Amino acid sequence: MPSHLALLSCLLVLVLSFDKFLFHYLRRRWFSGGGSGATVPRAPAKSRRTMAAAKWSETAMLVIDMQKDFVDPAMRSPMLVAGGEAVVPAVAEAVAVARERGIFLVWVVREHDPSGRDVELFRRQHYSGGKGPTVKGLKGAELADGLVIKEGEYKLVKTRFSAFFATHLDSVLKTAGIKNLVIVGVQTPNCIRQTVFDAVALDYEKVTVLIDATAAARPEIHLYCHV
Amino acid sequence: MPSHLALLSCLLVLVLSFDKFLFHYLRRRWFSGGGSGATVPRAPAKSRRTMAAAKWSETAMLVIDMQKDFVDPAMRSPMLVAGGEAVVPAVAEAVAVARERGIFLVWVVREHDPSGRDVELFRRQHYSGGKGPTVKGLKGAELADGLVIKEGEYKLVKTRFSAFFATHLDSVLKTAGIKNLVIVGVQTPNCIRQTVFDAVALDYEKVTVLIDATAAARPEIHLYCHV
Amino acid sequence: MPSHLALLSCLLVLVLSFDKFLFHYLRRRWFSGGGSGATVPRAPAKSRRTMAAAKWSETAMLVIDMQKDFVDPAMRSPMLVAGGEAVVPAVAEAVAVARERGIFLVWVVREHDPSGRDVELFRRQHYSGGKGPTVKGLKGAELADGLVIKEGEYKLVKTRFSAFFATHLDSVLKTAGIKNLVIVGVQTPNCIRQTVFDAVALDYEKVTVLIDATAAARPEIHLYCHV
Amino acid sequence: MPSHLALLSCLLVLVLSFDKFLFHYLRRRWFSGGGSGATVPRAPAKSRRTMAAAKWSETAMLVIDMQKDFVDPAMRSPMLVAGGEAVVPAVAEAVAVARERGIFLVWVVREHDPSGRDVELFRRQHYSGGKGPTVKGLKGAELADGLVIKEGEYKLVKTRFSAFFATHLDSVLKTAGIKNLVIVGVQTPNCIRQTVFDAVALDYEKVTVLIDATAAARPEIHLYCHV
């Protein structure tokens, strides 16, 4: 079966399974208002912000694992996601639009103990001598160049694929009245997918993945195994 | 890309990602001892059982969602997994071997409130008038014909894809000293995959999926999106 | 220090700690409307129910562990709560008023495997020969005489003190829009208290304990260690 | 009832409830070996450490909330625990002995967002203008003077009373083979107690509270409501 057919069947299954609760959008389409069913009107900056805040107050954007060890080839990390560097501009653009809309931004990052004692078993061999992927305090755990956490935004540390696994993320979101999530970052078949499935299990009403602001080590996997 | 190449790349990525912690076995190979690196010797039934109990005391088998509404076409359930009925004999065989080996058997099932208030949002439209897929007490929630829970085995009720999501399964397994899991049932891209990923997140040492004792609504998805 | 002073200091500490988020009411006061800051007006039954449903749609009542092994001395269970039997009428009355108000009722019960493998370590010695406290299917796991789960009400099985520990209770409540909890049952220093603390941790807005519809094995503990 | 009798009844209930799984020790008794049933022999430092490491490899010490805002009156924090400062030396001594024994040390701390969006609802009024109790990065979130996290020890951030609530602590401990916990810090009726109950629910085999290395805002509560 040619790849575009496989992709098609993948999307069909998604539509069948998650109905209207899980969306896959291109940035362009989502930013033009596709994610909410209506466009954000162009208006003077200040009133635009006020309108946006009301409209988007129940939506949060999760930016996942956009750390140097995952997306910057210069780090020579074993955890490098091959397509990661290429999506940094798209993620930055998504973040900029989210800020303009007043969407609550959550920067989800991995930070691990130098010993690796809080990383998955299958990754522990990468930790020794106080070094390893995204060790807390080391350069590889920093956000990729061009991405910055601003005041009022939230940093959430996780130690597994899903941003919800053994963290207080659901607590922060639910108590803030968040019902819809928009997800960007790396990488699709692991952290993105697990976060999406947990979000669906946790009854978020709409879960949107911006598929051109996510990446996978192998693009064809990205297409076939999307969710 | 032809499908067999896509499958190949899928498995390669798996090998790279999960290393030796996640296995995909055919029943035949696993039952012959492939799962543990050694065959179970043929010996008189009683001593065989004793030996098995010692050898396999740290392994549990999770049988997932083998309920009529998922695998029996006669139920006409909207949740029917197309390939489900075909794997019932394979699951039954896997269970029989697990019993002989003294492996702790956990029957994971969905049981929902007639109102559907404990089902995922995207499935609630299937519940009305006290009926719906795998409603507790109705026929659709029963195990498929040919599958029976025996004394000493455990029934675990879940309400989401993953057998670990908001259940006490990890507690029961960890406290019993279980370190390795073998997984069979339906369906691969949802309940099987989410259970597998959570098991990896929860640091089970070996997680084995018997790929010919699992099923997916669309076989090609099963191949492409395996894990 | 005399006991009434100790009680006083206990309540003072509570007021200081939890402010207006945790209430301790006598049934009489709560039923008269104290729990919501206003009385439920007397009106024809039907319209009363409609009004109540609107008013109380964000409140759930948790009825905890009102099972024969905990409250019926005839069971001779090692888990018997000494003061439990005495509060059955008060619990029944609380349930009746909750029904009239249209409050969502959740019956939280323990049901354990005959082997005791899903009970706390410190209680396992009570399980043998397929028997033990609140074993699923045995008489001791049934609700106390006079208490019945009606259609539309929810049964939630737990295996630890807190009704929220390793269960999907929070999911059911949050998704149903529940923000406030009223708690009755046994017993105060264990299951009630742990459920209350978890409810506070989970950001329920008001958590009310009806102190004359709860019980403890030793009344003075009930007073001193209330929360 | 005089206070010493109330204390006595409290301990009796504990003994009845948790049997041998929950211990309350004075430092002196635990350090002399009471916690394990045998004394640590005096031997040359190096071999002593090796012996200790083997003996204590399944035990972790949780040091809870020993932060300036909780124990240092100079911070003028609304969260100050009245008896907190007085137990700093006892906690420091407990930590020193744990280090000598090779016990895994986990420093559990609260660190909150300046907005207070990740704190319990009933404490949010204490956060404004980027300030509030134990805000991440501010002085109040630092450990009390005299307490330092050394290499090889673990810092665990929590946002609720229990060290296990919505954190990966259980994962880190279980995967490291930890079966027994020793708990010190502040404060008894909240964070200590909730951590203890969750530890029991999570099937840790022995949970020991060093009662002279814990504190409560009101000593009589400490006695009456211990667990």
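Residue numbering begins at 1 within each chain, and the chains themselves are lettered A, B, C and D in the order written.
Basically, a contact is a pair of C-beta atoms (placed from the backbone, for glycine too) under 8 Å apart; a residue touches a chain by one contact, two chains touch by 3 or more.
Source: prediction; values computed, not measured.
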item: Chains in simultaneous contact with chain B and chain D; value: A, C
item: Required minimum of steps from chain A to chain D, each step between chains that touch; value: 1
item: Label of the chain whose CA centroid is most distant from the centroid of chain A; value: C
item: For chain A paired with chain C, centre-to-centre distance based on mean C-alpha positions, whole Å; value: 39
item: Chain B-chain C separation of Cα centroids, rounded to whole Å; value: 35
item: For chain C paired with chain D, centre-to-centre distance based on mean C-alpha positions, whole Å; value: 29
item: Where chain C touches two or more other chains, by residue; value: 121, 160, 165-166, 171, 175, 203
item: Chain B contact footprint on chain D (complex, rising order); value: 171, 174-175, 202-203
item: Sites on chain B touched by chain A in the complex; value: 1-3, 6, 9-10, 13, 16-22, 120-122, 125, 160-162, 165-166, 189-190, 194, 197-198, 200-201, 203, 205, 217-218, 220-221, 224-226
item: Residue numbers on chain A that touch chain D, as the complex places them; value: 113, 115, 117-118, 121, 152, 154, 157, 159-160, 165-168, 170-172, 175-176
